[in-house]
Amino acid sequence: MTNPSNSAATSVAIALAGSGGAGIMTAGNMLLEAAASAGYYALMTRSSGPQIRGGEAAAMLRIATHPVECMPAGFDLLAAVDWENVHRFGAEIPLGAGGLVLGDEAEGAPPAVFTASGAAIAALPLAAIARGIPGGRPNMVLLGLVGALLGLPEDAMHEAVSRTLGKRPAALEPSLAALAAGRSAAGSLQPFTPLAPPPGSAAGRWLITGNEAAGLGALQGGVRFVAAYPITPATEMLEWLSPSLESVGGVLVQAEDELASINMAIGASYGGVPSLTATSGPGLALMLESLGLAVASETPIVVVDIMRVGPSTGIPTKSEQGDLDIALHGLHGDAPHLVLAPNGVGDALATTQWAVTLAESLQCPAIVLSDQFLGQARAVIDRPAAGASPAARDVAAAAAEGDAPYRRYALTDSGISPMAIPGTAGVTYTADGLEHGERGTPSSQFTDHAAQLDKRLRKLADHDYGERWADLEGEGDLAVITFGSCTGPLREALALAYERGLAVRLVSLRLLAPAQPARLAAALAGVRKALVLEQNHSGQLLRHLKSSFDLPVPLASLRKPGGQQFNAAEILRHVVEWSAA
Amino acid sequence: MTNPSNSAATSVAIALAGSGGAGIMTAGNMLLEAAASAGYYALMTRSSGPQIRGGEAAAMLRIATHPVECMPAGFDLLAAVDWENVHRFGAEIPLGAGGLVLGDEAEGAPPAVFTASGAAIAALPLAAIARGIPGGRPNMVLLGLVGALLGLPEDAMHEAVSRTLGKRPAALEPSLAALAAGRSAAGSLQPFTPLAPPPGSAAGRWLITGNEAAGLGALQGGVRFVAAYPITPATEMLEWLSPSLESVGGVLVQAEDELASINMAIGASYGGVPSLTATSGPGLALMLESLGLAVASETPIVVVDIMRVGPSTGIPTKSEQGDLDIALHGLHGDAPHLVLAPNGVGDALATTQWAVTLAESLQCPAIVLSDQFLGQARAVIDRPAAGASPAARDVAAAAAEGDAPYRRYALTDSGISPMAIPGTAGVTYTADGLEHGERGTPSSQFTDHAAQLDKRLRKLADHDYGERWADLEGEGDLAVITFGSCTGPLREALALAYERGLAVRLVSLRLLAPAQPARLAAALAGVRKALVLEQNHSGQLLRHLKSSFDLPVPLASLRKPGGQQFNAAEILRHVVEWSAA
Amino acid sequence: MIDMTLTPAHYKSDVKPVWCPGCGDFGVLNALAKALAKLALRPEDVAVVSGIGCSSRIPAYTSAYGFHGVHGRALAVGTGLKVARPDLTVVVTGGDGDGYSIGGNHFLHACRRNVDLTYIVMDNRVYGMTKGQPSPTTEADWTSKLMPQGTGLGEIKPMAIALAAGANFIARGFTGDPNGLADLIVSAVEHPGFSFVEVLSPCVTFRPEQREWKKMVRGHALAPAADSVEAATRIFADDGMNLGVLYAGTRRPFAPPIGRAQRTPTDLERRFAL
Amino acid sequence: MIDMTLTPAHYKSDVKPVWCPGCGDFGVLNALAKALAKLALRPEDVAVVSGIGCSSRIPAYTSAYGFHGVHGRALAVGTGLKVARPDLTVVVTGGDGDGYSIGGNHFLHACRRNVDLTYIVMDNRVYGMTKGQPSPTTEADWTSKLMPQGTGLGEIKPMAIALAAGANFIARGFTGDPNGLADLIVSAVEHPGFSFVEVLSPCVTFRPEQREWKKMVRGHALAPAADSVEAATRIFADDGMNLGVLYAGTRRPFAPPIGRAQRTPTDLERRFAL
Amino acid sequence: MKQAVLDFMARACAMEAEAAERYAELAEQMWAFHNREVAKLFGKLARIEGLHRDQILEKMGWTEAPDPSAFRWETPEGPETTDYGELHYLMQARHALELALHNERRAAEYYERLSEADIPEDIRREAAEMAEEEREHVRLIEVWLAKTPDPDARWDEDLDPPVSVD
């Protein structure tokens, strides 16, 4: 509870846990939906054991009276149906000092890792209560209990359960009974600080994951062709896109591998249809050669990389910001392209939409760096702001006989040359990954090479990216520069710092390449020193800032590898120390 | 002629040219060999038209009394059997003001691009002379002529021709006759400044290409398994390696693609056999995912990238230093590895050998960045210095029952953990690209991830790389920092600068990753400012220096894209300007 | 729309081929132009897609839209293009190295996926462009610098693989017979689904002995089987020199609907609204 | 050297499988252990190599040397290992997604290359590890989140492809019969060259209907043909449920000599000395 | 004129057109490979065949030759058309003339056979006329050949390695 008084909390963090098959994830989702419809903001992430199915599971939720983008340093409530292997989540579910650990009487003491913090312990006969209801399940008893402890309205809970199980009446009734039983059992517990009243109604808010938001952004941007190969944690984005694309007149092709997906997307885009693929690190690595082809042939294409822990297979289910290097520099030769990163679940929509727009108008590939946290987190958010206008490719008109021959790669001032779309008469050409002259004919002349390199750089460098390139917040002579999913906890940390009288600016870069050194320098005007916050081992953002921005301020680094998200308190502690140093 | 007096030249640059099938390359090779056996140093590069066979061709040679590593700003002699499309080489064969353009009378005037510089023009009836000899060819007449002009001994020329054609008596006799006819025809020409006497005998010198040197270095380093897929300009290295490996008890497998080559090499290395693959940019791009596997599974492996012009297919036959970015940062996640670059034809041997040694002892992948120029240039060099000692992998001994279980990824102080080789009893393990604990068992714990990341970084960061990390030459408060094939012309430029009284240090980085900031800072002690020289469009080395070295001196950049090598005069001009700025 | 008759010459561009004189690929270009003329397709409604190799240079030599991609990925590019633009006629072209070595996986899956496009492989049993290394169709004992003792490996049988992987139309042509080849290409383009045309196309530079192929091929030796078992028996016993159509199947092409929107993206937002 | 008798238990490690209870892969692990015991190979002389997928987790569950590489590349790793270390017994393992989708090209070329190793594919006609997407062997009408209408594509026939690509030994087993499967694995390991064993291995989580396979398979329904034409006729008409050895060929394995040095690298320097 | 004769003349015209077109194409190939001598020769042959085509056009009062690919022959292409596969970038005049001779002979034979076949008289007459013209070409080329030296024994030897353009 961020509210230390005993009255009501503006933010509560709850973890539900238990062994596989106990329905923990389902209960978590119901709790999230109940909170949402009761008018709260909320965020849910998940974790599970290594088993494909039936391993231990945890649903981690934060419910608040204000938008939330990260988990807190300490959980207020851990509620488990059993303790089988739940200790494995020790690092992920740190209990706050004032926290409560709630379990089943019959399961014995909770693992020490949770109680070491001094959290209170409570136990109830969950399974026994469930057994008392034909078809009743402990997870529903637990859910009823937790809802009651949090002070969530009974009808909101009821509705959330009914919505999920509505189609299975055989399951619905016992579940509702168990829910009610849990709710009444709550009375026997020590009072728990309930949530403060909700900040208005749910109307106008969305319940969405980052992966869904990115998918929707792609469609809003005009994408109508997607080819992809399944990979965690990008699969859900594809699974959302597949039927959605179909309904808006597009198509998703499941490719044989990532080499095929990127090339299918390139082929479709060459045909004039805005195209996208989504993957994660290992898949992105396989796409690099063909991304270079998109650069050289000037074919628009968007690749969404939902980053997970690397290197290699790494930890597929955990988040890391370790693909910045490969996204910026993974192409062979000099191959300017776009790299963008959403910095919140909702922002995944606008940023992906913007990526499509930019790729289309600049005729080059755009990589969108989302991550497992943003992608799989499910959040109640305010309706996202409208994104950039949809794709506008500069298209060559049909030519008649006698017109000058079409120059696909004409050396225009802007660097952008109108692109002929197959089917258009008089402007046929061959797109080529070989270096070429203006008409596209292969050339090994130094002058042609230099001219085309200049053109391809120019079109990116000279474009006006407007205000979206970064989110700039706050004032002061200190700044923290970050990107992606570190933004949420940073924002919260800086709000806390401000409360404590420490004013620090937040800079969250949305456009990572081409680098915007002048803009960033302007944003840092008056700043004495800056801290670079990122989630990876080697300081990839720090290196990027050093190599491509020539900033006038000294940079310090705050980073840790993936597998464990930053929280606001942790950042705050570092910022305070650094500000004093 | 670098010697402007009329006496004798210490360095002469000659280009032989003509249309396909005229035997220009062969004549060039013969001239090179004649110069070599006469006791000169020499360097030859080639260029040709877009046709697979029979396109226009040029052999560019520099013959000198001292080792040469680049072509000069101006050629002294262009000798052609015909002018068909030879103008296409205009940019590659700039004629010096005192130069001579020599052609066949019957072919008309040489292209203006060559004579605009004010070069002298001479013509002889080459074809007619050749026709006078049954089976005679104009290229041999030209060769005889050029040999005479340069003052190369008749027997050296004779021998070079005999060695090449020895096995074909039908061709040999007419060729020698044509050679002699050419030699006597030289008398009718204006006198040409001949070469100064050779600096000693050929004994102890080598005639070798950079690709061959890299291949030999690999074998010297202990490589006995190579898997590869053909690609220009790496193919010659593979073609040299294939029979050579067999003779030293190794094997080369032609893989179905680059994904297979890198994984075959990883498999062989896992089996305990030092392994390598060679490729160029597009192939390297395909290997990145599996390079990450080599990092995570700690499998030694060497990848030689003979860089060509990018992005995408680019210009396969031209050189560029455009793959530094991908070599340094192309892997997803945090994946520390080695990147090295030879800085001369002969150095390709020692650097590749060192790469093998480092990869083996540090159990990680090493990328060797050679390029088309170094790889395909054929040079007379002093016998290369011995390389590093051969591979020494830290191998786990067999264990008996009762011993503690083998920990393949033990968190040792050095970061290096003894590696069990299949066949060894008691220490079986499963190598894994999934994040793992010390025994190799997959783990998604943050602590295991952080520990293994630290270990993999530590083993590279803490290793003592000795003096080979860079070549440091000269004195003064200015420095030029470069790598790879820019080193040759830079060395020559700085020697000229020194003659003019401008002392500038040369720093040629051989070990590009892990970065050696402390060493470089020490090398730059007393330096006021530094210039970064490289052959690519975006300043990849400059960015690397900025991001990973935190140098105490201001850096300026001198760079141009691939397709046209730097020459010493060009660098000198820039250095002089920059030194004064 | 266009009234004038399109002759084969209309389908050639003004870009000069880099191919060696005598190269079989000239005949393929000729046959392709003839086939497109017979099909009376407008050049702008045709897209010729390729990878990298001598043979893969063909798109720029046609007057159609062309895409010269990276090595081995032509079928993927062609698939994306055809699925996104079903109105176009897509012809994917390339060599034995491009298609069967680095591109083998896309070949397998293009056969299986059965998108309505035509794949023409100019098989010269060698990597021409990189100067003569063995390809998957090279004879085991053919020696080269890279494989001085030969590969020692059996050649793959692309038509058998195509059949096993589900290609809907499988034929073999010879570049020395541009008219016969043009007919095969016409049938391939007209046949619904994935059509595979293997073309014996000599590399006179690295495999001069292939000049003999013209004496070895057997025209019209293959007759189309509609039954894959029958085709299999035939192709497993084939020596590679029989020309004609091996198989013409009836599998439904993969052509997911595109362009038929029932909703707008904004409609989809409703799914997330609370 | 080692005297004691090796039982199947010796070939299992102490790492706990992450597989779902009921998963067919348990039976494959069991059969593999049995086969290695029958072959009396020392665990340290065996290497089990895999890619990524549920099935690809198998190496760590054995007591042999293991290599758990990246998705789709297991055969390449196994090939390099076997060529470099001909003394080892190399068993490559994986799933239908790993082997036939992303790894399809290596499958083709491993068949052709005929290195003496054994490839065991646990075919469950689904991507288990990524939670249930269709693989190349999935039925056209099987619906999933990613393909709500099914793929609409015909399944590939891996055994037919193996045959067309030149595999030297081709068999099909069923995980529900670990003993029969162990026998097949023994024959596969003993047969020289590339041996391919397709194993029907149900995914009880995403394809619970595959529990019925045990009623559908026909044991010993395939008898080894030494003639590829005969094998082809048989396999093109096969419904996928016949167990046994389809083909046992006599092609010479690819085993380039290694370790027989006639020269030292220093000897080679002479080629460059003037 | 009877349809059969019209068809015959169209076929003859197409045959000449195809041969001319092919020679022109081969000339271009030779230019691209700097083989001037042979390029010129192919150019000349293209003109000769073109003339023959034009004669037929004129005689028939046509403006455009029919598309050669509309016709089929016993040989893969028209009897007068050079096979692409016969070319070599180092070929010499003699080779080119031998190719031309082969083509003209085939053409002459083709018409001769027609002129003797059991077909309408008017076609036979036209064929005989064409055969005579082709024989004329044969004689012409034979004269050229007599003046053209044999290629030297090493005519196709290119000591230079091929290049890789990727």
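To keep things simple, chains are lettered A, B, C, D and E as they appear, and every chain counts its residues starting from 1.
The definition used in the following text is that contacts are C-beta pairs under 8 Å (C-beta built on N, C-alpha and C of every residue); 3 or more make two chains touch, one makes a residue touch a chain.
The structure displayed is predicted, hence computed values, not measured ones.
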*Which chain lies the greatest distance away from chain C when centres are computed from Cα atoms alone?*
A
*Among the chains, which has its CA centre at the largest distance from chain E's?*
A
*How big is the gap, in whole Å, between where the Cα atoms of chain A centre and where those of chain D centre?*
37
*So, what's the distance in Å between the C-alpha centres of chain D and chain C?*
31
*Could you give the separation in Å between the centres of chain A and chain E, each centre being the mean of its C-alpha atoms?*
69
_Distance from the mean Cα position of chain E to that of chain B, given in whole angstrom_ = 50
*Return the residues of chain C touching two or more other chains; collapse runs of consecutive numbers into ranges.*
18-21, 52, 70, 72, 101-102, 104-105, 108-109, 129-131, 136, 205, 256
*On chain B, where are the residues touching two or more other chains?*
50-55, 231-232, 235, 256-257, 282, 289, 292-293, 297, 312-313, 317, 432-434, 442
*Do you know which chain E residues sit against two or more other chains?*
32-33, 35, 89, 161-166
*In the complex with chain E, residue positions of chain C that touch it*: 5, 7-9, 16-24, 26-27, 30, 34, 37-38, 52, 129-132, 175-180, 182, 202, 204-206, 211, 214
*Touch list for chain D against partner chain C, complex*: 101-105, 108-109, 112-114, 136, 152-154, 156-157, 160-161, 163-166, 228-229, 232-233, 236-237, 251-252, 254, 256
*asked:* Could you list, by residue number, the parts of chain A that touch chain B in their complex?
replied: 50, 88, 91, 281-282, 284-286, 288-289, 292-293, 295-297, 309-315, 317-318, 320, 322-323, 325-326, 328-336, 432-435, 442, 444-447, 449-450, 453-454, 457, 536-538, 540, 543-544, 546-548, 550, 560-564
_Touching residues on chain B, where the partner in the complex is chain E_ = 19-26, 46, 48, 50-57, 82, 84-85, 134-135, 164, 170-171, 231-233, 235, 313, 316-317
*Given the complex with chain B, which residues does chain D contribute to the contact?*
2, 15, 42-45, 47-49, 59-60, 63-70, 72-73, 76-85, 87-88, 105-106, 108-109, 256-269, 272-274
